[in-house]
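In the two complexes below, subunit A is the common chain; its partner is subunit B in one and subunit C in the other.
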Partner chain A sequence: DMLTYEYHIVYSSSYSVPVLYFNVYKADGKLLSLENIWKIVPDVYQQELQADKWSILTQQEHPLLGRPFYQLHPCHTEMMMKNIRTMLDKRCDYLISWISSVGPVVGLNLSLQYA
Partner chain B sequence: MESLQFAPFSSGLDAGFWPKLSEKKLNEYALDESSKDISGFYYNGDIRNQNPILNVDYTCFDRLFKTPARSFISHGVLYLKNTIEGFKECDKKLLLEEKANQIWQDIKTGKAVEDPTLLSRFILLAYADLKKYHYYYWFAFPALIYNEHSADNYREQGLFMKFIMINVKLGKKLLTSFLNIYKKFQRNLTLNSIVNKFSKFSGVFFMVIIAFSFCDPCTLENHPGWPLRNFLLLIAYTWADKLETCNILCFRDKSRDGKREISHSLMLNVQLPKLDKETCPKCVGWEKNEKQKLGPRMVNLSATMDPSRLCASAVDLNLKLMRWRLLPDLDLDKISSTKCLLLGSGTLGCNVARCLMGWGVKNITLVDNSKVSYSNPVRQSLFIFQDCLNGGKAKAEAAANSMRQIFPGVNALGLSLSIPMPGHAITGIFYFSPAVLVQTKKDIETLEDLIDKHDAVFLLMDTRESRWLPTLLGAVKQKIVINAALGFDTYLVLRHGYKSDTGVDGTKIKLGEVIPGDQLGCYFCNDVVAPGDSTRDRSLDQQCTVTRPGISMIGSALAVELLMSVLQHPLGFNFFQIRGFLSRFSSVLPASHAFDKCTACSQIVMETYKKEGFEFLVKVFNEPSYLENLTGLTAMHEGTFDVEVWDLSDEEDFSNKEEL
Partner chain C sequence: MAEDREVLREIWEGRIPVCFSLAEEEIYTGEPPDLYYLLVPRQIYFPLVTDKVQRHFIASVDPDKHGEMWLEYEGQPLKWHYPVGVLFDLFANSNSLPWNITVHFQAFPEEELLHCPAKEAIESHFMSVVKEADGLKHRGQLVNNMQKKDHKQLWTGLQNDKFEQFWSVNKKLMESSGDDSFKYIPYRIYQNDRPYIQKLFKPVSDDGEVQTLRDLLKTFDNDELCFNPDISSEKILLIQGIQPPLETPILWLSEHFSYPDNFLHICIVDKMKNES
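On to the complex of A and B.
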């Protein structure tokens, strides 16, 4: 059974951070349900996910396409990025550090080559 | 030489395709079943080891369709049928033959040589059930066949491996220099001329092998992808008299972790048999379904596309969020399954109904006997101006309709019903009318049935006496009864004590102690007179309930929240009675004991009703003093007067004094 993952990075002006929108669908175009999306989050993150399911992964209307998309909620992004950037060299690319931190939760793994 | 087998295409739709198709059907195509041109694409950079995919996404309808990066176009045609029968009975053989002919013509006329993308085609036969959001579809990837091809896989030969292993940059450089050299000799560089030139040579030229190459979406080790079938036919038709065999490069180009690789490409040497150039070859290509049989597929998208379901799941989500974040022990199922009966669809009724919907209550019945009047919509939140016209719609039904418009998933029922009241004689106006009696009996039976079938009853009427009968019935049937009443700037919300089977013991009253739930009183427990006709001789401002508009919202909100607290007991604090005073923005929470002489919920009244039923009720409605006599209130009054008399007398005789 083939699953297609589609990722969009959209800038949220209200949170002033990039937000990861994504969809997972089968070959007939049917979206995976929220319960199944939670199931495919890697084991490493499952504990945190169970504690606060609803505020991490939710379903929202895509700001441009107007269809339902799953979303990694941006409310913690700013805090997280501030912490990361103070630790590392400030010249490192914002997007690369951001994607490599939040992406793996939803299957978007960045190659080490980008480091 | 082994026979060549081709990996067939699998269809791949994206999540936006079906919504876009539905939109097109509704807004553009309507009943038009003619063929529509759409575009698909395939990609030769897959990293998995699986069959090739032909993708069709939501952009497929665009006239100026652009393939995504490093993808290749496939020209498709959509046949969208209006009925499931049309879909089933459509001549699929014919559709495939038509497409096969089209490809054959393109090959014969040489158009396919100039634009090889014409070889890559697909058919999509579909039917969309836009009520249930079920989509039936069947793809076909037409491929013309003549004979089995046979080919050698030359991958193992070192010479060819060298060519394939050259990295892309170098390969491009070589190609550019080769082309530059060639340009000196020939200005028009077409496939035809190249083949003509090089068919005279066999094998190696400038250490470069001439091969027909195509971008191969297949990643299997031993099979080329579907696009090769029509391509081979083109080669065989156009140049078979010049070439006996030809080299085919199945070019695969994947990137992983920033590294680009082409070494998994295949190099084949194919023998080209002679073709019958006149007859169009046979054609295959209908996609097998999930069960690997030749049949259509169906996808059910009601969960994500049906607006009513979307609404229901959004409302549900909202409530679950409340539970997740704030009240983990909240039993939402209990709340949504509680059946609520609202007696009165005025200001209180409308606001209570809306608040219940906010809590996810699914079954709400409204009862009222009047029509929407012009002054109503501003205060009664379920009515609009239209409801007032032509004499006004019946309030209960109008309210239920309005609720369905707000949330289609609510099970709202509106009933026009008159509730008989003590002090309002049920005779005709000027003479005794049996018809009125019969109707009243029916109304009472309806009310009894309603209270029976619901779990919670809200008393939201505009008179005191109309609450008498439902109070009695609610007590007898042991239902949750919540009473709300409004004054100009005061409100009262009260829940009736639950009548347990043991009955009220009047002697156990102790001031200052918490009253157990089954000994709490009701709306009438503090009355020492029976409810009577309060509507006679009233001036206009007394007839309409004139209140500060906010009072109704406060009262109804508290009534609903009280019910929720009761249902979630023992979580949270429950009150028996709240009396609020808007002039001071304050409220008190008094609690009172059940009264053993209560006109509505005392033992004697309940027993008499259970024994005599309708006859008892008729007496209550017709004779104002009947209830007072029955409960002993009359005796109590006389006792009071006696005390007054005794106070005035000089003698002291305590023998007749009663404890009050």
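On to the complex of A and C.
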């Protein structure tokens, strides 16, 4: 039951935030369905996800490659990052804070070496 | 803006006659099924009107071998998440009507097409583009301050072809009074051999010059954009099926020629195929 993950981070000039795009492939090379993508979001985020899944995580067209990718919607990123960075030391790398916040929702966990 | 309201209405009412046929290699039953004709609004997305098409053709397909329906034109899979009018301008020939589209139920091209697992997928996609447009125009302030029922009204207005219902909410997103004009113009430029291009562009330059469509095109270099109208070109530029004068202020185009998702979808296509 091996899954292969592919992650892309693309800066959105429309939202002025980074956006996470990703794909998950089964062992036979086929793309995991949206239903199953939602199922593998960690339990700790499931409640929030189920409340609004169609607005949080859906398939979209990659803005540079023009191919289908799953995407975490950027609408909430700006607000979330504002809240996080008021709590943290502002010198902390933006991208690291951002990835460690949104990454785990889609299985992307950073090694502690980045801290 | 009220004076040009008729333009909004005409754009909204644009229709394209489509003739659907089933892919020959997928015909499983004896007789090929009848062709299916539909007059499709330019402003909507195909999955909003193709349930009937699906029901008509599915009886002729091998029941053990069919998956999600998808559409193709001359070998080109059609992206359901683009408005119908954009797909037509980009790939079809306006002199050859009806638009002959092939229906498939097998070999879904996953590397090219998004899946459309439910109606919610269309609504979610539409709203995400509307939000991005507002992010560009108003830093997202207008959409985020709207009530959920207003968001819903945009969607149901589009889905049910109700111009007044749609525009009673959309006019708030099209607000651009004086200095409070759109910060950036929401647009995408399509050329049929590459992903669309989109860059930040202000409707008024920092020197206070009102920007035109020509000014927008000038911000791209020759690698990015194969269109130079000053040189006799084999390409033309279409928005909503129309070739607007390049001197048109981009703000006016954004207010009047945008699709319901609030984006200007600009297509650069070969001149040859659009001339008889």
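Couple of notes before you dig in:
Basically, the second predicted complex is superposed on the first by the 115 of 115 C-alpha atoms of A that agree within 3 Å, B and C clash if a C-alpha of one lies under 4 Å from a C-alpha of the other, contacts with A are read in each partner's own complex, and residues count from 1 in each chain.
The criterion applied here is as follows: a residue touches a chain if its C-beta (ideal position, glycine included) is under 8 Å from a C-beta of that chain, and two chains touch if they have at least 3 such contacts.
All values reported here derive from a predicted model rather than from experimental measurement.
If you put the two complexes together on subunit A, you find that subunit B and subunit C bump into each other. Applying the stated contact rule after C-alpha superposition, one finds that A:101 touches neither subunit B nor subunit C.
Judged by the touch definition given at the top, the superposed model places A:33 against both subunit B and subunit C. In the superposed model, C is the one of subunit B and subunit C that contacts more residues of subunit A.
Look at A:111: by the touch rule set out above, it reaches subunit B but stays clear of subunit C. Of the two partner chains placed around the shared chain by superposition, subunit B and subunit C are both touched by A:67. In the superposition on chain A, contact of A:15 is made with subunit C only, not with subunit B. Look at A:75: by the touch rule set out above, it reaches subunit C but stays clear of subunit B.
The superposed model shows subunit B running into subunit C at a single listed stretch; among 297-305, 513-521 or 567-575 it is 297-305.
When the two complexes are superposed on chain A, the residues of subunit A that touch both subunit B and subunit C are 30-31, 33, 54, 65, 67-68.
Touching subunit C in their complex are the following residues of subunit A: 12-15, 30-31, 33-35, 54-55, 58-68, 73, 75, 78. Listed in rising order, the residues of subunit B touching subunit A in the complex are 10-19, 50, 53, 135, 137, 256-259, 297, 299-301, 303-304, 320-321, 324-325. Across the complex, subunit C meets subunit A through its residues 79, 81, 110-115, 117, 120-121, 123-125, 127-128, 131-132, 135-136, 140, 144, 184, 186, 194-196, 198-200. Within the complex, the subunit A residues that touch subunit B are 2, 4, 6, 23, 25, 27-31, 33, 53-54, 65, 67-68, 111-114.
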